[in-house]
Amino acid sequence: MVKIVGIGGSLRSNSSTYRALELAAQRVEAMGASVELLDLRTLKLPFCDGGDDYPGYPDVERLQETVKQADGLILATPEYHGGVSGVLKNALDLMSFEHLSDKVTGLISVLGGQSNSNALNDLRLIMRWVHAWVIPEQIAIGQVWKAFGPDGKLLDEKLSERFDGFAESLVVNTRKLRGSS
Amino acid sequence: MVKIVGIGGSLRSNSSTYRALELAAQRVEAMGASVELLDLRTLKLPFCDGGDDYPGYPDVERLQETVKQADGLILATPEYHGGVSGVLKNALDLMSFEHLSDKVTGLISVLGGQSNSNALNDLRLIMRWVHAWVIPEQIAIGQVWKAFGPDGKLLDEKLSERFDGFAESLVVNTRKLRGSS
Amino acid sequence: MVKIVGIGGSLRSNSSTYRALELAAQRVEAMGASVELLDLRTLKLPFCDGGDDYPGYPDVERLQETVKQADGLILATPEYHGGVSGVLKNALDLMSFEHLSDKVTGLISVLGGQSNSNALNDLRLIMRWVHAWVIPEQIAIGQVWKAFGPDGKLLDEKLSERFDGFAESLVVNTRKLRGSS
Amino acid sequence: MVKIVGIGGSLRSNSSTYRALELAAQRVEAMGASVELLDLRTLKLPFCDGGDDYPGYPDVERLQETVKQADGLILATPEYHGGVSGVLKNALDLMSFEHLSDKVTGLISVLGGQSNSNALNDLRLIMRWVHAWVIPEQIAIGQVWKAFGPDGKLLDEKLSERFDGFAESLVVNTRKLRGSS
């Protein structure tokens, strides 16, 4: 069974990034894949110092091993200053080729203002650099403060369908590229 | 007098990023500007959670105020996974338009492998997003492990001249754009 | 007097890109600068073959010389496939450092769909590469088919103010950087 | 049988871009795929005006149909001014989703100066925009004037191996993603 790991790049307690990540996760599970979400708010990670050893931070290895065992990834980030959050980039910096290469990755960004694809572009080039695959389907949620209803569902039907297509592409193509079922 | 603040995006103890930053700082001072370097290895900064308050982290305000009072900036980053380091991006995430806008910025990246401008491109678009200026001159030091001699000087004369042009452009154009002398 | 040259990257007969370029030009003139627009629909330019000589195409030299004598530039492009139009990139390819370096440049893009800054990012990095300056203010007009009224004016007041700020920054900062008045 | 179409973005008569494209094509054929190269020096294409009809230019349809029937693409471009050549971007502008979507694409760039990935990044984001796949493996040939021997072979063994990996990934993953053999 295809295993997808999701990572959210926000530390906000009531985070729209996580809400978007969870919506994607539900749809991915509905497609028959297993999903595990890594919550950077509960993982205790250090800043990356370019080295390999982080004594006192067992969550570094937990992050690395969980990602290593995945077939695919969902990376969701708030767009901060027109780029990926430092929090998420730092989590990626703590991993290396052996953890990230060949993963099939779907990207989501969440913005307070108008939709944009800067953070998505960033992540696409970063994940390429570590020899991961990034699916063509991607999601940027602009003006996220009005995107969700009180029930946590997306108010915009088109955006909701975009999540469907995103999840389908991620699962179907991870199966194809990884040879898993 | 033009005031330039330098920030290095590495936490490595023996950091080539800081060596490059210091070389640029010396040349900027030789042009008659004042320079203050912020060392992220000694500043105690939290991960940005998207909010404004970081109780227990007075260095957040020190970072913000030091940058706010600058006319220009030098941002130096190791290129991690083809992008700006999470450490530096997080420091930028902790600041806002009021601290970063209108600053005249010079960019430096340091790479273990072949030279590339991915991290510089990232930083250029990020600084644009906060309405800062970025000078056209930029420096990427590839294969940094063989860039410096035992005396800490650059071995490649052309690269050294590139630092001269970088510092000159930064100081001269900060004067022009900021109306300082 | 500061001289600004505008180039529009569309060949469409009824082009919104040119309408946007003309709006910017009017505001730039109102700031006391002179403006000359180069219309790629009337210039007869070849595809760039990487060489310097284009016999039979005197407009290549006209393009080069007009740009060379400018202090600043406005580049306006339709966003095609998430990037600058091939038409505009080709016109830039026909020029070199001697024509483009040091120009102070403002960027505008025009999109049929949702606003995005992909083409603007492209142009920012391209103009940096030829050592031009790019002002932080930039304009992306999304859903351009509903942006203009029958009188050719912008319907969105905020967008119109954005043009004001764009033109002011371009003229004021070209003066500062070029030492012209 | 997987069908790969290669397009070279140079009009130079003795073009290194085409030499690189041909090397890739040979390796792709050796992997059991069929290859057809489209030579923009012999195709007669107009500048894209944003419309669909190009009377007098039957090669537009030839370009579109050849690409449409491909499973995968190789796009090779000289890096002009830190970006994709206008010639190649214009050829892409002449096509649409129906021709380009879902193709599995490999990217090559050729530079006179130091290696860089700006043009590759451009193409990656452009091809994503038209919902194509881009393989993680990519090739930038820096200082191309000294890359090839008199026999047309690559002098750098490592670079030659990079072409092997590139071709293998393109063919193997096109098979996986397209379900062809």
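Every chain is named by a letter (A, B, C and D) in the order it is written, and numbering of its residues begins at 1.
Keep this in mind: a residue touches a chain if its C-beta (ideal position, glycine included) is under 8 Å from a C-beta of that chain, and two chains touch if they have at least 3 such contacts.
Computed from a predicted model, the values in this text were never measured in an experiment.
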Notebook entry, point to check: Which chains lie in contact with each of chain B and chain C?
Noted result: A, D
Next item on the list: With over half of the numbers shared counting as same, classify the chain A/chain B interface as same or different.
Entry: same
Notebook entry, point to check: Which chain maximises the distance between its CA centroid and that of chain D?
Noted result: B
Note to self: Quick check: more C-beta contact pairs at C-D or at A-C?
What the structure shows: C-D
Note to self: What's the distance between the Cα centroids of chain C and chain D, rounded to whole Å?
What the structure shows: 28
Check: With chain centres defined as C-alpha means, what is the inter-centre distance between chain A and chain C in Å?
Finding: 36
Next item on the list: Would you please write down the residue numbers of chain D that are in contact with two or more other chains?
Entry: 82, 118, 121, 125, 128
Item checked: In the complex with chain D, residue positions of chain B that touch it -> 82, 114-118, 121, 142
Notebook entry, point to check: Which bits of chain D are touching chain C when the two form their complex?
Noted result: 10-13, 47-51, 78, 80-93, 118, 122, 125-126, 128-130
Note to self: Quick check: in the complex, which residue numbers of chain A touch chain D?
What the structure shows: 101, 121, 124-125, 128, 131-138, 173, 176-177, 179
